[in-house]
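To keep things simple, chains are lettered A, B, C and D as they appear, and every chain counts its residues starting from 1.
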Amino acid sequence: MLEQETFGLLGGDSRQAALAASLVQDGHSVFAWGLEGLPAAPGVQNASPEDVVTRASSILLPLPVSKDGRRLNAPFAAGGLPELDGAFWQSLRGKTVFGGQLSRVKTPCPAGLAAHDYAAREEFAVRNACLTAEGAVEIALRESERAIAGSACLVAGYGRIGRALAQLLRAMGARVTASARKPRDIAWIEANGCRAVQTSRVGSGEEPYDLVFNTIPAPVFTRTVLARLKTGCIVIDLASLPGGVDFSAAKDLGLKAVQALSLPGKTAPESAAEIIKQTVYTILEEEKR
Amino acid sequence: MLEQETFGLLGGDSRQAALAASLVQDGHSVFAWGLEGLPAAPGVQNASPEDVVTRASSILLPLPVSKDGRRLNAPFAAGGLPELDGAFWQSLRGKTVFGGQLSRVKTPCPAGLAAHDYAAREEFAVRNACLTAEGAVEIALRESERAIAGSACLVAGYGRIGRALAQLLRAMGARVTASARKPRDIAWIEANGCRAVQTSRVGSGEEPYDLVFNTIPAPVFTRTVLARLKTGCIVIDLASLPGGVDFSAAKDLGLKAVQALSLPGKTAPESAAEIIKQTVYTILEEEKR
Amino acid sequence: MLEQETFGLLGGDSRQAALAASLVQDGHSVFAWGLEGLPAAPGVQNASPEDVVTRASSILLPLPVSKDGRRLNAPFAAGGLPELDGAFWQSLRGKTVFGGQLSRVKTPCPAGLAAHDYAAREEFAVRNACLTAEGAVEIALRESERAIAGSACLVAGYGRIGRALAQLLRAMGARVTASARKPRDIAWIEANGCRAVQTSRVGSGEEPYDLVFNTIPAPVFTRTVLARLKTGCIVIDLASLPGGVDFSAAKDLGLKAVQALSLPGKTAPESAAEIIKQTVYTILEEEKR
Amino acid sequence: MLEQETFGLLGGDSRQAALAASLVQDGHSVFAWGLEGLPAAPGVQNASPEDVVTRASSILLPLPVSKDGRRLNAPFAAGGLPELDGAFWQSLRGKTVFGGQLSRVKTPCPAGLAAHDYAAREEFAVRNACLTAEGAVEIALRESERAIAGSACLVAGYGRIGRALAQLLRAMGARVTASARKPRDIAWIEANGCRAVQTSRVGSGEEPYDLVFNTIPAPVFTRTVLARLKTGCIVIDLASLPGGVDFSAAKDLGLKAVQALSLPGKTAPESAAEIIKQTVYTILEEEKR
């Protein structure tokens, strides 16, 4: 476990609030700004952005650090949103800074400043994929009138999320087909006990699917492909915007299609916070060596 | 597959409506009364109770057939609810009758009439337990801010539902403890890869649970036992009424407790209908031999 | 854990030797007769049958206690085998006696004597079934030139061993079909993710099997049924003698058929001893209450 | 399925013989040299090396193509072993050549010749890892007196084989710890339901292991590390020669250590042949496009 430390949190949503609470439970001092619209967590001390920065040695920015590339992502802040400009970054000089998807910011953090993108670490991405897969299952259970056990599912794409999701659905008793392009992924799909299909051939001749999950950020589920799906099939798009599903075509065809955004922050904020914390701890320990 | 048959459905909810639709898809003629408040299913012919009985050779009553023991369970019926009295049963003479939990009715179906309780068949109970387990997972995912993967779960009771639920949670990556009284169930719990605890000792010295599922229809989760659970633990009661959890004590203790009723009819009506249909088909085939 | 106790072991094979060693490791005093032909276990004191009985308060007889119904099962004894007659049982008066399959003995243990058949306890049977399933897998791996992952397996019979074996093979990546007669077992087979077939129809129209495991102690795999299996299929008979496979027909048909006897004592003697110990401990604790 | 083709096999062992048989079953013409010491497979035509090359359009060399880097790997050949020199490669000009681990050969195949190393393809490596994992389990079952279910296992290294093996052991009911160096592999280990340990810390403070599997081709299990393992622990080395276990130290310490070589060709030659065939087919189809 990490030694006692003072953390300052700026912005974020319920995931960031859960992160604050979890850091307090580990015995750290925690100052926060921007969570005013959420229930107060015991032990977290609210402060102005300036005070947060002054008092803390490690600054934790949210995931994503910004939605528009210019201002801090802080939907529950009481006041106006700080600009992520040169002055902002300068104010963090001397601190260890952590944020998620820092590359989204138009004025990048200057080279001299020690800013760590926890979301870019692969161990974070792996754990996040597992939580995302469970969030996708939650959506499927909510939307569907059928059980997952015994259903026929397609997982399009076999990256981290596709892999975690295919395994989870299979463990829950579904018959899972996963799609990929590369022979090596096809081999892993089969090694993991699923049926494999070439992504380019999805919907041509396999078993009719009850549930389709897309993880590919490219227009895979076009009108043509959607038209091959059976009536009553539910399509859940997990790919980041603009996604991979033609929602307008889905509507025309009478298919229920769901854009699943902000997973897992929305479905499991505590666990999502936990893996940010784990990654931040790992980076802090690596820094000390 | 069963030969073409004429089914008459009386009463029920969305599960019964899904049953009607599924029978039509299998090529049967289906007459129904009592589903007027639900979206019409293509191919299902609405009729008066008398017409339904006259035209059909097999009559399908809902699960449960009655909630108060006297009148048909038909919450979506346009008119008044038929009394399940001697005259009702006499009107079904000559038909093959199916219903769920027939023993709940105060005026029992007379001996001469061929009435089958599909819910009393063990193959139905097994399949229903699996769907119930998945419904319980849906509730847990909805209520919890944590992922099931990596969480510590307790399943109290190792009957059909307990067994199905423990397996499902474990497959989803939870650390599962299950409770039972008999040494043989303790042995099965361990053989299935879970930790075992005596039901009488629940909460004494095991790992703190994130999620507790009760399947025992007896006051197991008393104030004393609930007081041993950790803050933030969510308790889901799956036992039939009056259940096994002291909800008032849970409230006092600040624990989130949920009474999960009508599973799986509510969470997965189509699959729940499917297993009624399967059981009815099996019984009809056994009758013919 | 049980209080310090003095155990006396008579007869048995490497499983009984492993039991002696494990009891010593738990801190008990252990006297043994009949294991002279096996490597000596540290801490186990060899003695004459009379001395073993005199010194110990709990007497542990092997599983099975006798092979011919008349003499003790003691293949590694240096001297002649004790008769299990009235005098033998009388010599054990005042002791707590444990044995496996006591009902096989022609002169039964008199009513006044506290003899416990650990093998008749269901928790023992469950654990033994799991070990037997793993032993069956060991045999299959040894006999087959194909991997179990990706193979098509049949498990005939869905009792304890069938259930454990079907689960294990499925977990290892096989496509598993299991056979049963009762609708409720068919429901469990499907609930556990396997394909189900009526036992009376085995071999008619399913996928051709690579491996067939029989657990039914009745002539299921007759010449007619064996003739339906594909060339190269391996048949492993786990049913107790006389088994359920026509070995002579298998030979004529060019099928490799294996009679798997003495599982799990042969394949995993230490684990097999462990579950005897666990059961004996449970019984001793129940006695004290 | 591939169009009818003429294959020529040179050298190899029972895996190569199984490959020949499987190609015949798919309807291809097969000529072979070097399998004279093995049982003849129906439909495979034996020929001299020259004839094999003349008649076939695709030449299949074994895995590994050579053991000493100079001569063909052909332990069951009736005559002397062909040198893999310039003349040999020239004789294959105009053919599609396939071999396993071609880089082991001292005189490399000239650039103009279309030689494919099927063992270098990742889809082959994935499938081979799964078969190797099952072979490792076969060895563990054979060597151990304990069941895998309920045992504590360590898998050192989380490459393809480590991953497949950890999953398989876990599916069989073992408590599995896996070791890795990189944070991302640690994340995957935990995501896959196993405990993770840094490779550099193996044996320091974890649960005592019943079975240890090494997949790391480096001296990880030195005398110091081996001395930390518990008595009775079995160590299985899966790393290619010289392996990662100090066998002499293991012997001194009384640990059973096994060098598991030639997996899966030895434990599952038919499946091992099948994945060579699959890979060769994929390459031939890619060539045609």
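Here are some notes:
Please note the rule applied: a contact is a pair of C-beta atoms (placed from the backbone, for glycine too) under 8 Å apart; a residue touches a chain by one contact, two chains touch by 3 or more.
Here the structure is a predicted model, which is why all the values come from computation and not from measurement.
Ranked by how far their CA centres sit from the centre of chain B, the chains are topped by D. For the two copies, chain A and chain B, the CA superposition rotation is 180 degrees, given to the nearest 5. Between chain C and chain D, the centres computed from C-alpha atoms are 35 Å apart.
Chain B and chain D have Cα centroids separated by 50 Å. Shown for chain B are the residues in touch with two or more other chains, namely 130, 173, 190-191. On chain D, the positions that touch chain A within their shared complex are 121-127, 129-130, 164, 182-184, 186-188, 190-191, 282. Those residues of chain C lying in contact with chain D across their complex are 14, 18, 130-131, 134, 137-138, 141-142, 144-150, 168, 171-173, 264, 267-271.
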